[in-house]
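Below is one structure. I have some questions about it.
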Amino acid sequence: MRIAFLGLGAMGQPMASLLLKAGHDLSVWNRSREPVDTLVKAGARALTAPEDAANADVVISMLADDAATHAVIVESGLLAALPAGAIHINMATISVALATSLAAAHQARGVGYVAAPVLGRIDVAAAGKLNILAAGANDLIARIQPLFDCLGQKTWRFGDQPQQANAVKLAANFNIACAIESMAESAALVDAHGVAPRDFIEMLTSTLFASPVHINYGGMIVKQSFAPAGFKLRLGLKDVRLALEASNNANLPMPFGSVLRDNFLDAVAQGDGDLDWTALSTVAFRRGGRAG
Amino acid sequence: MRIAFLGLGAMGQPMASLLLKAGHDLSVWNRSREPVDTLVKAGARALTAPEDAANADVVISMLADDAATHAVIVESGLLAALPAGAIHINMATISVALATSLAAAHQARGVGYVAAPVLGRIDVAAAGKLNILAAGANDLIARIQPLFDCLGQKTWRFGDQPQQANAVKLAANFNIACAIESMAESAALVDAHGVAPRDFIEMLTSTLFASPVHINYGGMIVKQSFAPAGFKLRLGLKDVRLALEASNNANLPMPFGSVLRDNFLDAVAQGDGDLDWTALSTVAFRRGGRAG
Amino acid sequence: MRIAFLGLGAMGQPMASLLLKAGHDLSVWNRSREPVDTLVKAGARALTAPEDAANADVVISMLADDAATHAVIVESGLLAALPAGAIHINMATISVALATSLAAAHQARGVGYVAAPVLGRIDVAAAGKLNILAAGANDLIARIQPLFDCLGQKTWRFGDQPQQANAVKLAANFNIACAIESMAESAALVDAHGVAPRDFIEMLTSTLFASPVHINYGGMIVKQSFAPAGFKLRLGLKDVRLALEASNNANLPMPFGSVLRDNFLDAVAQGDGDLDWTALSTVAFRRGGRAG
Amino acid sequence: MRIAFLGLGAMGQPMASLLLKAGHDLSVWNRSREPVDTLVKAGARALTAPEDAANADVVISMLADDAATHAVIVESGLLAALPAGAIHINMATISVALATSLAAAHQARGVGYVAAPVLGRIDVAAAGKLNILAAGANDLIARIQPLFDCLGQKTWRFGDQPQQANAVKLAANFNIACAIESMAESAALVDAHGVAPRDFIEMLTSTLFASPVHINYGGMIVKQSFAPAGFKLRLGLKDVRLALEASNNANLPMPFGSVLRDNFLDAVAQGDGDLDWTALSTVAFRRGGRAG
């Protein structure tokens, strides 16, 4: 099975490495050259352009956003060049709308399309411990399951329409953003009563909220340690907007989502867009006249 | 040490039982007679009125709300009758404002006052595994620590002003309500895309959000099992309002709190005030035209 | 008809003057002495304490807020001293809850109680052109109508329960606050696109929104002229909170009210509580990273 | 001056008629035939396709939304066929983003582009009394001013970049939607206190809010008369979304806009998308458990 991996960013690079270590026939492409060279040294072949991936059996893409995905998959001519029977696994976080139109465009050409966005940051990806949120035709997923097993600890299935996995991924990120905002508002409240946010968050994440998200992000809120960014605030805003866009199309009010949008915009307007998205927590403190 | 326990509701009764089993000299009072009788059979003495608690060394109160607390502690004449040197431990969830005024009133009479609201539902209380959120003078808390050790698995300290513990308790409940709303909005979003909320919540609470709150409440949202209520929706609204009241006094915007207020009011207006507070989740589904 | 006027603030003083000029037998009281002296020179009699108003036929009160009203009317002993058949006209903006309890307390003593909060600022009061929002028993209002005709251009009737007029007054102020916020957000939006807020507001208030509120407050938003305050921002917050309190009791979500609460708190937290309440508009500009 | 008018909907038809009556050389196009026939009888020439407008000196378009505008102006080939020196006046309410890209596309071809959305409904358009919100190059607007004078009572100028007028139009519609929501929430509040919304709105629109928008829409809220729609609720939602999209790009929180989005979505989800947009008011009543 010849695999082409497109997009060797912070997540894509360790994922591609894992596939290579597992002995797969891998060719890679990235917009910038450096990560390509790294993988070539480890045994991958370099593609000079995305459309050169057309002779792979499976194309995996892990690109930054809707625009990059559309450019690399469609505008490059790759999709038009892929033969019927090929499979494209899109593991990036993209909009439901783009996923829907990509699914249709692939189907029209007889190319398989599976959406498989992931949960987990860089270290989790490097360890092959991602949670993979997959949607698409059963037979396609069955064929690529070995690849998922190489990259993740578990594959979660969410239906046979690819965009369903993207909706789930946006919904999951939405819950993370809500947890940040919720801890921030309540930490500011106890702070206003003379209780150290650290003491409050430690109690909270040792008891009711002993979850990976709360422990990890709660700690960052307490330390006010927002750089370097694990996930940039402006990307968090992007994902909230994609969730709201999906809710628009479903006629679904999401008032927490609306608050998140406004507070993320506030943070970006104050110049914090490139900080880690836990810097969202500074908005609650600043609006209450507190240092944070 | 003679202990008087006032308020034998769903939480107070198992807590008083634990103290009794540990061999404490316990007298009890409750507005209705039945739980008093139960405890008397187990060895407690019955008080005919709250003010009869005035000859105890330690008074523990676990009353429904601000109004009940004020009636039983102040209006009954109990506080006026307590001798200097007595200690009152208020374990109920009350407002920061009432806690502040009670602290002052006790101090004026030379009576110790400790706020010690708890985390945990009935079964946790019965097992003596509560998390106790305590604030008050160090020497007072040192003296009553054995009682806390009998009732809880851990005592968390939040400062020497009693109302600080109440602020923390309201902040903790606020996070629970936020988790319910966050799961509800996102479950409605995936539902609108044809993904079963059950599948989504199971994934979420198995990965990023594997916390007691998310697992417990997420399960109830999925099952839509809201009766009998573990904690009534109208009490959830009450606690959100107390958090907002505290934020008013601190000049702190809490936009998630504002959304919660509005959605809890919506739920109560539709007649769901006596359901479990996870029924808050039905608001997101109903507003999106979904069955829930 | 002997009239006692309690509360000679910015609004009360010109109102009392009008009654005096119309030839009424007027005695006056105020917490500070200066406005009393002014009215005494013009022919009024000074009361040394609120309870001295007990021998008047009609008591009019125009006090700052709930606390002042309760102190002057109830705690002073005035209500207990008023004879059956006397009438108390409360023209201040107070809570629905206090109005309800005052109505009951007056009724229990056989004293008439009419709520008659007003629309209009100082200059309107001085000109006798207030709009009077009245609620209470028909026969009572009929008897005091000549007083209203002296003070206002029109009396609007809103039912026979006094608190109904207070609900209406809070609802009217709510609309003003909403107009300020609405103009502020949209002015910031056009500003972000290089259009001067002045040009936008001028067009708006010359066409669709040619109302007194929009013209007056829109002009202040454009000029950013917030001192001295015509109506202090912290009083605007107080009225929004009273509206929300009334909505709490009615199980009515008011999401615009929730936004107003949060934004007013933001403004107070930044130190703007004593500016005119149109300074609410600075929140929208500041959060968007704009000078305003 | 040969004029081509594209889009003869509820607004376009009376506008085109006025130009014809004023003696202009007018050719017209519309997706459906009937309004074309009406204008041809009155002396206009029919165009069989949008691109046939390419030999006009001035093209005026008044199309339903972004999609229709892009289809008729760009995808039809019209823009590519227009000679340098021609002028296109776009009077529709479209997004800031589309206006920006259209402005660039016209400039690249040497075709003048002026944005001139309008305030006023059908009867105002028929009377030639629209308020025209214009932005674009001064010399272009000077040349077409006689056309604006024929269609409107006043031309308001908002800068030399066409999209500035679109931002202003969206900001104006935003204020109307806010006025509807504000009146709705407050009318529900007084209703909950036994005051007829009719009495409240009548007072409000006779005093503080005696503006065309409040009088007109307030009356519709009171009558609950939402069909036939003067302006459909789903179009109101569309314009709120365009305002939010513009605020996204400007990093500007608009919390009132967020509430409007959620409440409009609620109304559409309940099946009210084709009612007049004042039906937004039913959301406040319904959420509060009131009939409305």
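Order as written gives the chain letters A, B, C and D; numbering starts at 1 within each chain.
Here is the rule we go by: a residue touches a chain if its C-beta (ideal position, glycine included) is under 8 Å from a C-beta of that chain, and two chains touch if they have at least 3 such contacts.
These numbers come from a predicted model, not from an experiment.
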Chain of greatest Cα-centre distance to subunit A: C
Pair joined by more contacting C-beta pairs (B-C or A-C): B-C
For subunit A paired with subunit B, centre-to-centre distance based on mean C-alpha positions, whole Å: 38
Approximate Å spacing (C-alpha centroids) for the pair subunit A, subunit C: 53
Between subunit B and subunit C, centroid-to-centroid distance (C-alpha), Å: 38
Contacts with two or more other chains, residues of subunit A listed in rising order: 247, 251-255, 259, 262-263, 265-266, 269, 287-290
Topology of the chain contact graph, where touching chains are joined (line, ring, star, complete, other): complete
Complex interface listing, subunit B residues touching subunit C: 241, 244, 247-248, 251-255, 258-259, 261-263, 265-266, 268-269
Residues of subunit D defined as touching subunit C within the complex: 96, 119, 131, 133, 156-159, 161, 163-164, 167-168, 170-172, 174-176, 178-179, 181-183, 185-190, 192-195, 199-200, 203-204, 207-214, 243, 246-247, 250-257, 259, 262-263, 284, 287-290
Complex contacts: residues of subunit A adjacent to subunit C: 255, 262, 265-266, 269-271, 287-290
